[in-house]
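A quick write-up on the structure given underneath.
A, B, C and D are the chain letters, set down in written order, and residue numbers restart from 1 in every chain.
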Amino acid sequence: MTSNIILPILQLIVIVGFSPLVKGFINKIEARLQSRRGASIFQPYYNLVKLLQKDAVVSETSSWIFRATPYVTFVSILIISLIVPVLSVKVPLNFTGDIILIIYLFALARFFLVLSSLDTGSAFGGMGGSREMMVSSMAEPAMILSLFAVALTADSTNLSNITNTLLNDSILLLNPSLLLAFAALGVVIIAEAGRIPVDNPYTHLELTMIHEGMLLEFSGRYLALAEWASSMKLLVLLTILVNIFLPWGIADGLAFSGLIIAFALYVVKIGFFAFVIVIVEMSFAKLRLFRIPNLLGTAFILSILAIISLYVVR
Amino acid sequence: MAEHLFVISVLLYATGALLALCFFKWQKAGNFISLVFAAIASCFSITTAVILLSNGATVRLNFSLYHAIIKYNFLLDPVSSYFILAISSISFVAAIYSIGYTRLYINKRDTRFLGFLYNLFLVSMLLVVTANNALVFMIVWELMTIVSFFLVIYEHENPANMKAGFIYIIMAHIGSALLAVAFFIMFAHVGTWDFGFDDFRKVGGRMPEVYKNVVFFLVIIGFGIKAGIFPLHLWLPMAHPAAPTNVSMVMSGVMIKTAIYGFIRFYFEFLSPCPPWWGVVILIIGATSALLGILYALVEKDIKTLLAYSSIENNGLIIICIGLSMIFKSYNLIALSSLAMIAGLYHLVNHAVFKSLLFGCAGNVYYATHTKNIDDLGGLIKRMQITAPLFLVGVLSISAIPPLNGFVSEWFVFQSLLNGFTMPSVIIKIITIICGAVVALTGALVATCFVKAFGISFLAMPRTEHAKHAKEVPVVMYVSMGLLAVLCVFMGLFPAKIMMTVNHVNTHVLGIDIVNSLTSYDWLQMKIVRTNFTQLSPKSAFVFGLILLGITFGALTLIRPGFARKFYETWTCGRSPEPRLEYTATAFTRPFKTVFANLYRPQREVSMVYTVPKFFVKSISYVSEVSPIFEKYFYGPVSQFVLDISNKVRWVHTGSIHIYLTYIFITLIILIIFVGK
Amino acid sequence: MIILFLLIIPVVTASICVFIKKHHVSKYISIAGSFIALIYNIYLNYNIYTYHSILGFNNFFYVDALSILTTQIVTIVAFAAALYSAGYMEAELHDGVISEKKLQWYYFLFHMFIFTMLLVCVINNLGVMWVAIEGTTLATTFLVGFYNKKQHQEAAWKYIILCSVGITLALFGIILTYHSAKGVLEEVGYALNWSDLRAVADKFEPHLMKLAFLFVLVGYGTKAGLAPMHTWLPDAHSQAPSPISALFSGVLINCSMYGIIRYHILTSKCVGSEYSCTLLMIFGLVSVIVSIPFILIQKDYKRLLAFSSVEHIGFVALGIGFGGMYSVYGAVLHTFNHAVAKALLFFCAGNIFLKYKTTEMENVKGIIKTLPVTGTILAIGVLAITGTPPFNIFVSEFLVLAGGFASGNPFIITFSSVLIVCITLIFIGFIYNMYRMIFGTPTMDIPKGETSKFTTAAMLFLLFFVMIISFYVPPLLREVLRDIYDIIRNVQ
Amino acid sequence: MTQQIIVNSRAIDILAVLMLITTIILIGTSRLKTCIWVYAFRSFALTLVSGLIASFSGIHHIYITTAISLALKVIVIPGFLFHIVRKINIKKGQESLINYTFSLLLACGIILIAFYSTQNVIQFENTFMRHCLPIALSITLLGFFVMIIRKQAIAQILGLITMEDGMFFAALSTSYGMPLIVELGLFFDIMVSVIIMGIYVYRIKESFNTLDTDFLKELKE
């Protein structure tokens, strides 16, 4: 009974609470590697707090869709964060759905973001929206296929089961298909989270921007929610990656000690992947828009190979 | 009981049709009455279907009335009843909707024929899915085609509509000719002389392999034309927009589904057992149609054409499921076959609902603005405050966004595709998985397509005067659409209820009842189907979503109690925002045109007029066309060929009596030399 | 005797009509006459229904199911045509195209034409049947050239020359038959009587009968419009006044087909059905194929209808040739269906002509606006004539083709498959050409409104039959059809 | 008795050959009046044949037909045709579609075909039909041939009635003529059709002011 109370709260705390931190961490490392001092690692929190205390300026051409969007986005990511296993293989909303639901909840968030970007009637928003849709529609098949590769390996599309299976006989992790799937999923996550080389989260140049372009008209609370949602999205994606491919140490119950260890390891893993992302962003330039399909196409091919090799291995 | 209800409803449709003709003077009244009759009749048939599906019963209707040699007989088994349910629920809504929509035509055009044909159209679909005899089936099938043809060319002054009508009826007729051949071939093996489907059920499976394959392909093409599979889709995106919206609603929503009905009848009853490769063919066809359909929808600017193309895509999805089900069945994995079938039938009814909803709302937009071009719209959400959210619901559910119904069927599709890897042959495994990828890509493109459709036409500022002066439509129109929207939500939240009904169909067709293993309460669990275990509960997801929303909102209000919004114009780099600055539909899908350039073959010309000296651009004209490759490389040449041949032959009639006499003479000589001996 | 009465009716009507100057009198008389004939024929039909065959007038007349069906068609279409010509000629008179003087002759020839056709069907003696068929030609030549302009004279000339030639050839076949019958039958006077020939046909000299059948097929085939002897047909049909064209397409070619069928029976009894069936099939298929290009590309709507007649008579020949029970059943039903539907279409064409004063399709648009009733009926008729479900011709075509496929003979199955392709092409041509006329907006401004109540009545009368057969074949007709099948199968 | 039959059949054979020759002359000559004369002559020969047959077969109604054919074919029809020719005074000879030598060659071919096609029909016959049936058939086909090659309307009428002569001859030679009623019908038909054609010849002459049927090409595809 307690588990039904504790676990959700725990997961919400982890995802909601720590997602800005991840963002700050990435920025900090990046600044360091660019030999800048960089902003404090807690800067994202300051921004959020500030924004949350402000009123909002809303475009007069926009409609209720524009105002509803931040909530929808935020909440859909929240639900996802309750479906993915974070610290324990036991997942609070396990019965509500599986990876397919997760993918389509992301779609829900995206859907409304793009609508809101069109709603303001500014060309920037439309541009960002259309590019976002293109990137995501390229990314989605790769994502689904790579997740399917995993699902087929673990005989389930349900994340907690997947994690559980892979945790119990880790030998499954050692087959080539999972490695391929891992690679594909990595690329997809970079695309979905809007990082270099697919998108540049730091600028508002209409040439480069995708995700930021959609947030252009948001302000105050709305902006806060949108930003927060995007950082949560990043963390959730990383969590999925981590808990599927490196499930070791994740608690298989609700024992306090187990959770502590799981949390420690979780932080380490996330930190590692954040670092990887930084490295990638440091070592690549942003791709031209019409080069992105090639990159994602590669990911798609990888995921297909993952599944085919799965058949071959079996 | 049920059969009486069915007959009553058919009779009611008929009376409605006739009454429509009877009112010469008072068009309005006649129209109203006929449509009301249609609505009542569809209520009756809905009840019929519900009664039959509640206990999975099978009812035969054998009339002792002789058609030339055979008696009229109909069969209401669960399959039929399921389709009856889908058809007549849409008919009900459509009838109510039409009461409002037909005001466009009253006293401008002859609405008597509209009412007449409309009733006939609805009833013919009912008869198609119940006919139990080849002759009767052909008759009602073609009746459906012809009536819908007349409805397509209802506004026949417009040459484009006539062209659409021609292409429609010609292709449809070719299709039914092929179907007739299929029936003949099977009939030749039956021996008895009442072209009953029951005989086909007995004999079809035992036909020689060659004939079975021939029939298989005949049926693919014959029904495929109706289903609008690529490359036989040509008529669909022309005819559906040409028809009045209340008609195209029904055409897109349910008429093209009768083809699916045909597939089920043939491949699961007449011709079964089928070899696996049949299923694979169907699967590939479905995948192609799905992908190409949505790709063409994506770059469409005319909203009704866009919806028509998306119907092709959705039919493709359903056909994928049918194909999967066939493959599973041929490998004797009945449970999985049944799963795929559930996915297909579920998506069928879903698509019927949300596509009608979308068409209806498009009709509302047309009613209010008299334009179908998305780029001329915009800002309607402020002017049509009820239509907009309804359209949004439709858009969300067609893009399979949870918690709406589209998502559930999409989920089933993925699950059944995922189970493809239980099949023995590696090739088929890989094909299924690639289909999975195609479905995924399709899903993403659908989202894009409908974001465009909704965002460009309803949001931001109106782009033209049409849009600026739009008013909300009459009550019946959005009330009826509201019903559909509610259905979308309901079927999204409580899938188990629908499953129960679908299950009867499955148990009838495949003889296995997997629903209890599929679902407990309304969590869908797939534990028993395979080791592959997963759960889905859209309802609870939705509930938790609401809770979380509440929490978020509460927290935010705690942080800043007096939250206020200032309204200010959009920042457009300093100048005041105009409609001209908005992103258009063309621009929105421009990246896709570049990415899929091989398919679209876009022809772009940009011509600039410069001032002299040529420093400044005076005007830019930009034309971007997507070239229709199927017309260009397939249909055009074929028809041209036929016409050339016949032109060459026509010199035979030279007009000279001597030549004519010579024909007779030569014929005679040849005969008495070669035959007379 | 009762048969003789059937023949007397039109003769009397004709001879009354020729003396009456005033059209508004004579039209009623001709209508009445043809109506009586129709009713009387139904009565005869019941007799056949009970007795199966009637010999009369010391074996001069012989009526069985086959002939009664044909006479039924004749009388039905004749009544409709009489109704229609009342309205049509009224209008022509009003436009001053023709004089009342000519109308006397019109009605005279009209009823003589009907008389000859009835004679063809009820006569027992094959020789006299030949005379009667030649008689139809003679009676109608002036009707073809009725308007007596250049093209009408040309059509008439071609008509009489080609048909007479054909018929003369048929005579040779009859002579041969007579010769071979004389060897078998002791009573020489009856040696051309169908009722006697049928009994002893199997004793004939096979070579003789083969040759005879060839000549009869080519000869009567010319009159029936089987390709490649059909060349007179489009000219005559397009130039004759519409009611006459209706009679041509509807019943005249059926009468000639009737003659062919009689010979088919004799021959197949003598040399086995293979021979004549094959010939019929080949000619039928050729006719169907030949008609396609002219239907696909056509400028003149009456010619279009004429070519469709070629197609349909070919279809009937094919059905007879297929020979299976339901093929024959369907083929004979097809003669009826085609007669009513094609006559209906020619009536529509007549109304269009009166309205638009042209037979060029380009100049005819928006019929549904200018002639609402005609337009609607034409739309239905086109669907019917192209064998589209649910209309009557579909039923017969379905039966014929089903029989063909079920026959199991690869030759026949190939024919049926080709046939389906042809039918589809013809459908395309028809729909494309006709619906461009029916719909759209009229090019010139033409007053709205139907021609006259007579024409509308005539069309509705025929439409009634079309619709009835579409959904329900009355038992009387069904029994007649079964009888005919037995006759053709030579079941005594 | 047999003697007489032989004599008769010889006579009939001779007449038959005569008729055949006249028909070939019909093809060979260009002057219309000659053609009509030739036709009249052949009809006379035909009448002789029927008279002979009537005499030795002793079937009475053949006398009647003989009389009728004498009246009709030898007197009335040629007279009528001459009348027409005089009315619409046709001076110049009628031209044909193909030149004479070639048409004569074709005529020979046609005769061959006639013999060839009837040979296995007549092989069992023992009467004079053996020789007459092929000749009758070739007369018919030649008449047909005349209609094809001659542009002249009247020539076509001639061709048609030539065909009918062939028919009569066939009927007589094979089976002593048809039953009376049929014969009467035939005569009636021939008369009426010739009259009708005559009328149309007038009309065509006055509206096309030519009798060259090759000009009748209004109606075509």
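The rule is simple: a contact is a pair of C-beta atoms (placed from the backbone, for glycine too) under 8 Å apart; a residue touches a chain by one contact, two chains touch by 3 or more.
Remember, it's a predicted structure, so these values are computed and weren't measured experimentally.
Asks: When C-D is set beside B-D, which has more C-beta pairs in contact?
Replies: C-D
Asks: Find me the chain with the mean Cα position closest to the mean of all the protein Cα atoms on display.
Replies: Taking the mean of C-alpha atoms per chain, the most central one is B.
Asks: Quick check: how many Å separate the C-alpha centres of subunit C and subunit D?
Replies: The mean C-alpha positions of subunit C and subunit D differ by 31 Å.
Asks: Taking each chain's centre as its mean C-alpha position, how far apart are subunit A and subunit C in Å?
Replies: So the centre of subunit A lies 79 Å away from the centre of subunit C.
Asks: Subunit B to subunit D: how many Å between their CA centres?
Replies: 71
Asks: Please report how many Å separate the Cα centroid of subunit A from that of subunit B, as a whole number.
Replies: 36
Asks: Would you pick out the residues of subunit D that each touch at least 2 other chains?
Replies: 117, 120, 144, 147, 156, 213, 216, 218-219, 221 - these are the residues of subunit D that touch more than one other chain.
Asks: On subunit C, where are the residues touching two or more other chains?
Replies: Touching at least two other chains: 157-158, 161, 165, 169, 207, 211, 234, 294.
Asks: Let me know each pair of chains that touch one another.
Replies: Between chains, contact exists in these pairs: A-B, B-C, B-D, C-D.
Asks: Write out the stretch or stretches of subunit D touching subunit C in their complex.
Replies: Touching subunit C from subunit D are residues 117-118, 120-121, 124, 129, 137, 140, 144, 147, 153, 156, 160, 163-164, 166-167, 170-171, 174-175, 178-179, 181-182, 185-186, 188-189, 192-193, 196-197, 200, 203-204, 207-208, 213, 216, 218-219, 221.
Asks: Going by the contact rule at the top, pick out the subunit C residues touching subunit B in the complex.
Replies: Listed in rising order, the residues of subunit C that touch subunit B are 157-158, 161-162, 165-166, 169, 207, 210-211, 214-215, 217-218, 222, 228-229, 231-232, 234, 279, 290, 292-294, 296-297, 326, 329, 333, 368, 379, 383, 388-390, 394-396, 398-399, 401-402, 404-406, 408, 416-417, 420, 423-425, 427-428, 431-432, 435-436, 439-441, 469, 471-473, 475, 478.
Asks: For subunit C, which residues are in contact with subunit D within the complex?
Replies: Those in contact with subunit D are residues 125, 127-128, 130-131, 134-135, 137-138, 141-142, 145, 148-151, 153-158, 160-161, 164-165, 168-169, 171-172, 175-176, 178-179, 182, 188-189, 191-192, 205, 207-208, 211, 234-235, 238-239, 294, 303.
Asks: Tell me, which parts of subunit B touch subunit C in their complex?
Replies: It comes out as residues 65-69, 135, 138-143, 146, 150, 153, 156-157, 159, 162, 165-166, 169-170, 173-174, 176-177, 180-181, 184-185, 187-188, 193, 195, 642-643, 645-647, 649-650, 652-653, 657, 660-661, 663-664, 667-668, 671-672, 675-677.
Asks: For the complex, give me every residue of subunit B touching subunit A.
Replies: 379, 381-382, 392, 396, 399-402, 407, 410-411, 414-415, 418, 421, 426, 429-430, 433-434, 436-438, 440-441, 443-445, 447-448, 451, 454-456, 459-461, 523, 530-538, 540-541, 544-545, 548-549, 552-553, 556, 559-560, 563-572, 577, 579, 581-583, 587-592, 594-595
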